[in-house]
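Read the structure below first, then the notes.
So that you can tell them apart, the chains are marked A, B, C, D, E and F in the order they are listed, and the count of residues begins at 1 in each.
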Amino acid sequence: MEKKLYDYSVDESFELYLLIKSADIRVAKNGKKFIAFTFQDTSGQMDGKFWDASEDEIASLTPGKIVNISGKRELYQGNPQIKLFKIRITKAGEPTSPELFIERAPLKKEDMMEELNETLFEITNANMNRIVRYLLNHYQKDFFQYPAAKRFHHAFVGGLAFHTISMLRIGKTIANQYEEINKPLLYSGIILHDLGKVIELSGPISTEYTLEGNLLGHIVIVDELITKACLSLKIDDKSEDVLLLKHMVLSHHGKLDYGSPVRPKLRESEILFMIDNLDATVTMLNSSLSRTEPGEFTERIFGLDNRIFYKPLSQDNEKNIED
Amino acid sequence: MEKKLYDYSVDESFELYLLIKSADIRVAKNGKKFIAFTFQDTSGQMDGKFWDASEDEIASLTPGKIVNISGKRELYQGNPQIKLFKIRITKAGEPTSPELFIERAPLKKEDMMEELNETLFEITNANMNRIVRYLLNHYQKDFFQYPAAKRFHHAFVGGLAFHTISMLRIGKTIANQYEEINKPLLYSGIILHDLGKVIELSGPISTEYTLEGNLLGHIVIVDELITKACLSLKIDDKSEDVLLLKHMVLSHHGKLDYGSPVRPKLRESEILFMIDNLDATVTMLNSSLSRTEPGEFTERIFGLDNRIFYKPLSQDNEKNIED
Amino acid sequence: MEKKLYDYSVDESFELYLLIKSADIRVAKNGKKFIAFTFQDTSGQMDGKFWDASEDEIASLTPGKIVNISGKRELYQGNPQIKLFKIRITKAGEPTSPELFIERAPLKKEDMMEELNETLFEITNANMNRIVRYLLNHYQKDFFQYPAAKRFHHAFVGGLAFHTISMLRIGKTIANQYEEINKPLLYSGIILHDLGKVIELSGPISTEYTLEGNLLGHIVIVDELITKACLSLKIDDKSEDVLLLKHMVLSHHGKLDYGSPVRPKLRESEILFMIDNLDATVTMLNSSLSRTEPGEFTERIFGLDNRIFYKPLSQDNEKNIED
Amino acid sequence: MEKKLYDYSVDESFELYLLIKSADIRVAKNGKKFIAFTFQDTSGQMDGKFWDASEDEIASLTPGKIVNISGKRELYQGNPQIKLFKIRITKAGEPTSPELFIERAPLKKEDMMEELNETLFEITNANMNRIVRYLLNHYQKDFFQYPAAKRFHHAFVGGLAFHTISMLRIGKTIANQYEEINKPLLYSGIILHDLGKVIELSGPISTEYTLEGNLLGHIVIVDELITKACLSLKIDDKSEDVLLLKHMVLSHHGKLDYGSPVRPKLRESEILFMIDNLDATVTMLNSSLSRTEPGEFTERIFGLDNRIFYKPLSQDNEKNIED
Amino acid sequence: MEKKLYDYSVDESFELYLLIKSADIRVAKNGKKFIAFTFQDTSGQMDGKFWDASEDEIASLTPGKIVNISGKRELYQGNPQIKLFKIRITKAGEPTSPELFIERAPLKKEDMMEELNETLFEITNANMNRIVRYLLNHYQKDFFQYPAAKRFHHAFVGGLAFHTISMLRIGKTIANQYEEINKPLLYSGIILHDLGKVIELSGPISTEYTLEGNLLGHIVIVDELITKACLSLKIDDKSEDVLLLKHMVLSHHGKLDYGSPVRPKLRESEILFMIDNLDATVTMLNSSLSRTEPGEFTERIFGLDNRIFYKPLSQDNEKNIED
Amino acid sequence: MEKKLYDYSVDESFELYLLIKSADIRVAKNGKKFIAFTFQDTSGQMDGKFWDASEDEIASLTPGKIVNISGKRELYQGNPQIKLFKIRITKAGEPTSPELFIERAPLKKEDMMEELNETLFEITNANMNRIVRYLLNHYQKDFFQYPAAKRFHHAFVGGLAFHTISMLRIGKTIANQYEEINKPLLYSGIILHDLGKVIELSGPISTEYTLEGNLLGHIVIVDELITKACLSLKIDDKSEDVLLLKHMVLSHHGKLDYGSPVRPKLRESEILFMIDNLDATVTMLNSSLSRTEPGEFTERIFGLDNRIFYKPLSQDNEKNIED
């Protein structure tokens, strides 16, 4: 298999096609302009600075472009970095589709759709089932393309759907273990909890917060979506079913301090909060540990209180391929 | 003028008509039942225990009834209390309307309506004006009857409207002093900010949280009302006007910890938060100080971090009638 | 089936055998002594006061005794309570074994042992396997009898083992879902994490903290047990395996503030903390909700920030038998 | 009108007279010295770096000097910055007075004095009136020149008096709305609350904390000033009037955590705290928003928990001149 | 030696002269009045309730009176309590002086004065020496009579002076160990740090907060005393010596949250804070432990975060007389 | 006496032998490598950058080497720094032993040993005496060489022993002042409290956290050492003596948040916590103030909440040699 960006070691030279993810124009201390790039392929992202950039280069080397790069992997203040030897726009016959360079969910969209559809049969409450189907239908395309966050975890194409699927799997085993759990409520809550991201964020790639995202936030946005769905579907939005479902979404951040306007007041909403937290945490840990050598500590993980984690020398898990 | 409940001093006896606000049946240590009453007239509320209540008395002395009471004002663990000598249901020819015994806003409904209507002319933004008029119209009756809170401040009939009017007055002087302020936005936000209370609470008297109030909270409820109003009025709910107005409501508790899902991101929403806080604080302070003797401290005020406040001996304000 | 204590409704009379769980001698306001009892059968615990107790009754009605009681279920300040009509010590031919009245884990000891033993085969790391087997062997009897806590959750006979089994089940589904997880480490950590309770607490019934529990705490106690096990088994306690296992135990409270001397620095210890929290939370919620009527809120749950939870009218889960 | 520094857009060149507000000598990574300037005119302050400065230039280009600058406005890491082409000291016939380049209160000193004097007539309590007059008299010059803070808000010449006047205006409308308020006490408290700044800070321009400011703080300094004023005026400093006034000053930061040695224990001191907070907040918001484009967010505002605020595209306020 | 109140065990009867420390008139659930007493002799304080008190008894059994009591020591909800059999005012020939019943400092006033005077010779800074002498002289009588606190620690006659002496002893050993410490500054700070208590509190016995204490607090009161002392002594109160001394007092609570308007900014003020904390803590611990049986835990200690402390069975200290 | 590094003033040139404490290879903005050094002699540590380093120089100028340096002391962003003119490895006949350049405890090892041995005679509890002797014996060499911390305080050769001796001195004066204190327990706790540092840290020079230090922490490590010592010495580790001693060590950080798994529950462990804090604080303050000019403030001290402290112009202490 072709070597990717992160397959090269420090001090190793390479020539690669990479996608420009971002390109900031800055002024160096000597007064000349340079470009602070972030490059990307499916193995991950890496920064690189391009000194003494001409106005032409600044105009053409923009985010979304594919470039051919000769360079060397280096270490700069503890972080991987590309030292650029040569950079040029691709020519005819070379790769041009950004899609090829972007990390995506480890499951195929079709498989995720099927898994989701099977779950819908377990949502035996009529109101909940109709609302969930209506909204999934309405936002289907974006749901399978958007990331689950701007940074931190599942920040890749399809991340939102993958995060949802992953939570459903945990949710099902927990619901089977503790039989008192209301399955239709829990599964509906999991499916809808982050759907507001498709409005809070600007799109699947290089995503930013929209004005709506900034002023309302994805939690309230889902509540509005359910309100509108009830009007369209002629469901009484004061029925207990609907109030329970809205509460699942509104309280899923678990604490007021984390942005929920109400704390969980249902067994199922407390569980939803914990499952969300569990999947996000394990995903962040796996991602950081996969970039760490055995016997070393990870970099500080922002989403986990800036803590560092140790990767043991001995790996007793079945899949010993993280590094 | 006829003497009211709070016009009597400690150890003074009285015979009065009072409204039963609440009546809890409890079991005394000797195994017999007693009723823990809260009585009320327009001067305030006071507790009183009725020992060795018969099953008949328990069945008839219920909340909402008017009773004739012979008793004495006492002090019990620092709080005023009625020692009951005799209690009986009113007979023909005696007062029967609970309305006569309930504290209400110091402004008449008609005056509050007029003041509110005048403000509507200053809401020169078309979308905001239509939404505010639509919702006021829709909830007019409850808006002028509901309290602004279950306890703490403005917990009386008409309290919601009075709190709103009071905030509008402060809002106007501030908006005139700092001319950069967007008046239509600030005034719309003030009028709508607590409107959800008419759904969060169960009614104007002996109010409790509804299921909707418990699971969604009044902040999100207003957001839903605006969403629906836009649908009815065919206003684009993604227009900046609507997003700004929703944000005013969503952020008016100022901090996540106080139950807002987003912190204020507009000058006007930060100001709305401060005006709300100011009116609530002064109202709680005035209420506690009016029940305190000069030279003494108030009881601990729950809504103000359980602090106590001093009422000076010398009162240099124009209105020296608090005691 | 015979009716148990909690099968009776408020105001219903009964005659039952109950175990005295605790009996506090207090002085009433009239200067006479009374006994504040907590009674218990397998349906739960309930308080009851016995007025004007004689010195003989005080001497004989002590914790651990079985008594025959005529009484009535009442409600006292929102909590269930027994109004005592008659109480007497059991006679010959009546039940005498406290064991019959005590709540116990819903799984049989033999089944839990088998499930645990099967897990041991999945601990493929030799050092961890030997340490876990050694300690389980050593403390086997207490491990299957002790509760998992003095109050709050799993505070019943066999609670410690049941909590451990329950966590293992969740742990296995999570380890199967995220294949990077080191299974031997996670399972060893789950099995040993609370083992120190058998030394921190005084016994399976009416348990109190021991001096060792007070001064060292169960977290450090397990660390010492592993240290001694290594000496006995001649395992190098500076090997990475042992340090990882000790760290699992030491960090399993997740935060310094919750009593762990180090925060989790391993993926598996972060997960252990979350699984522990999840099982404890669901167990507390199920317990409180099982004593709550549909359409009502639970009492405040101490272990969950004193929050209250709602039990919906509509129960869409498969097991509709909670009430 | 002549163009000022902030009237130029990014990348626009200019030649301007500017005041040097500060000039730090630093060593570049190449070992040569450079000067990190902050320049200023009445439109605001902007940084600029002067590379390879000679010892002569370092000696002459010092804070307080007026310079003639050819340069270009740039953006450096999101902040405006001057790229210097040429810098020289002013010659004969060119502006030399720093006063001309300094931002000042939007009200004239005479107008502020008159407004203050009118307020004194409303301080009808004899002791308070005499103390306030005595101290205002004593510190009159500095009171109208000092800023209200080193940074954050009202950090300009005359800022202290302007902040005080602004608070008095709000205070008066609030005192008129809630008639129980003790006006003499509230107004005296507003006038004196920050007077200690004239001793805590070193002067009206380029102000720093004095040793007295560092070791005592402006809150305690005012308390001492009142103590001394009482001695001079032969007022009993144990009279209730004086204690109330001192308490207003001591508690005006509202919380212990914000540096008040006592929390407010008077209605008027709680209100003083809220008015102070309101004026400071609105002033900071207006200042940041005036430098923000419609449709954009402000930079992070340090004095407001580092939050960012949105400036709407539609400006419905009467004064649409902020940008 | 005569047996004192605390020399009697639970359930032991006694007849004793005791001082009435406080006497609250309350109404029992049966509507009759009773007196809730706190009695006191030099061994400590104990509560006792007097049921069905007549109006005559209420009028005569007031705080400050000496009474003869027949009663029995009991345990009420974990606290010691007197069950009253008989209570009467003392007759001619019986003890009448409250002084005889009050706990006092373990050192004689003369010895404390001498120890303090010796320390004054070590305050070699002229300004500090004059200020300390002036204030000690001025408040000498109260300084040796007042307690150091209303509750918690050193709450006895002479407690203020004893706490000061105790801190001076620790201060001297620390100043000798770390020779960089400025002794005159540290010793002056220790002597003056709590002097404001003589104004904050109402007197040596049954002390309450004065209005001055409530509105200003003892920390600011000392600052005012130093300000006035400088005026009397014609010492420049802007000299560094005076600012340092004032800062010692102002910052001695160590944190803003604990009521200091400034945090320590001198080595000596940081040390003053730690010594104050050390002496208060050890004094509270000794007091609680002296009332605890070996092998038991103390009651919760309010001044130490409500923690409980263990009193070991084995006492290896030289003085084994605590119990 | 020969001039040391910190004896030179800013802008003064020098030629000195210095030890390379650390040497980070970094890439400058121009793409070339440079070495960021920290140099050290017994007067302290100072940074210096070496530009355009060749690969040979990078290979030879490594930590632990002694170098001869021509340079100049400068000030860089408020911190002292060396501007390097020339740097070379020492030749034959020049100093080569790192020992000569390292700061060490101000007491000689022999004197510390003697002082410690004398203290052992005061540990009259047999179990404690044996455990302390056993562990001191076992770790004697490291105990007198290791620092007490990686940074902050006593971060020098012999720092651990010196910090211990210093605490013992304070502990003895306090134990003599409050005679209830259990001396054997307090002294044993002081001696052992930080002994785990010899395992938590990697060595006396350029120390780092070991894996054991990271995963267990020095507090738990000492607990394990005591556990093993008991096994070797055949002391019952469930005896009260041992539990008390372990508790001293486990609780000596005073709060859960500071890393203790239990809060102090003994008078002596609360005191141990305060003494530890006192010695660390005074040591940090003395160190920072010794590098500060009179009339100036220190740099921010990380270990003291990033506060700054003032060094007065007038120094009234006996030892006026800090600057």
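Structure notes:
By our rule, contacts are C-beta pairs under 8 Å (C-beta built on N, C-alpha and C of every residue); 3 or more make two chains touch, one makes a residue touch a chain.
Please read these numbers as outputs of a predicted model, since none were measured by experiment.
Note on connectivity: the fewest chain-to-chain touch steps from chain C to chain D number 2. Here the chain-to-chain distance from chain B to chain C, counted in touching steps, is 1. Residue contact pairs shared with B-C exceed half only for one pair among B-D, B-E or D-E, and that pair is B-E. Of all chains, B has its CA centroid at the greatest distance from the CA centroid of chain F.
Farthest chain from chain E (centres taken as the mean of C-alpha atoms): A. Two copies of one sequence, chain A and chain D, touch each other mainly through non-matching residues, since under half of the numbers at the interface are common to both. Between the Cα centres of chain C and chain F there is a gap of 45 Å. Between the Cα centres of chain A and chain C there is a gap of 39 Å.
Shown for chain F are the residues in touch with two or more other chains, namely 29, 211, 214-215, 240, 244, 265, 297, 310. Of all possible chain pairs, the ones that touch are A-B, A-C, A-D, A-F, B-C, B-D, B-E, C-E, C-F, D-E, D-F, E-F.
Within the complex, the chain D residues that touch chain E are 211-212, 214-217, 219-220, 223-224, 227-228, 231, 237-238, 240, 243-244, 246-247, 250, 256-262, 265.
The residues of chain F lying in touch with chain E in their complex are 124-125, 166, 169-170, 173-174, 177-185, 240-241, 244, 263-267, 270-271, 274, 277-278, 281-282, 285-286, 289-290, 297, 304-305, 307-310, 312-319, 322.
Residues of chain F that touch chain A in their complex: 26-27, 29-31, 211, 214-215. Partner chain B is touched in their complex by these residues of chain C: 28-29, 49, 51, 74, 76-77, 83, 297, 310.
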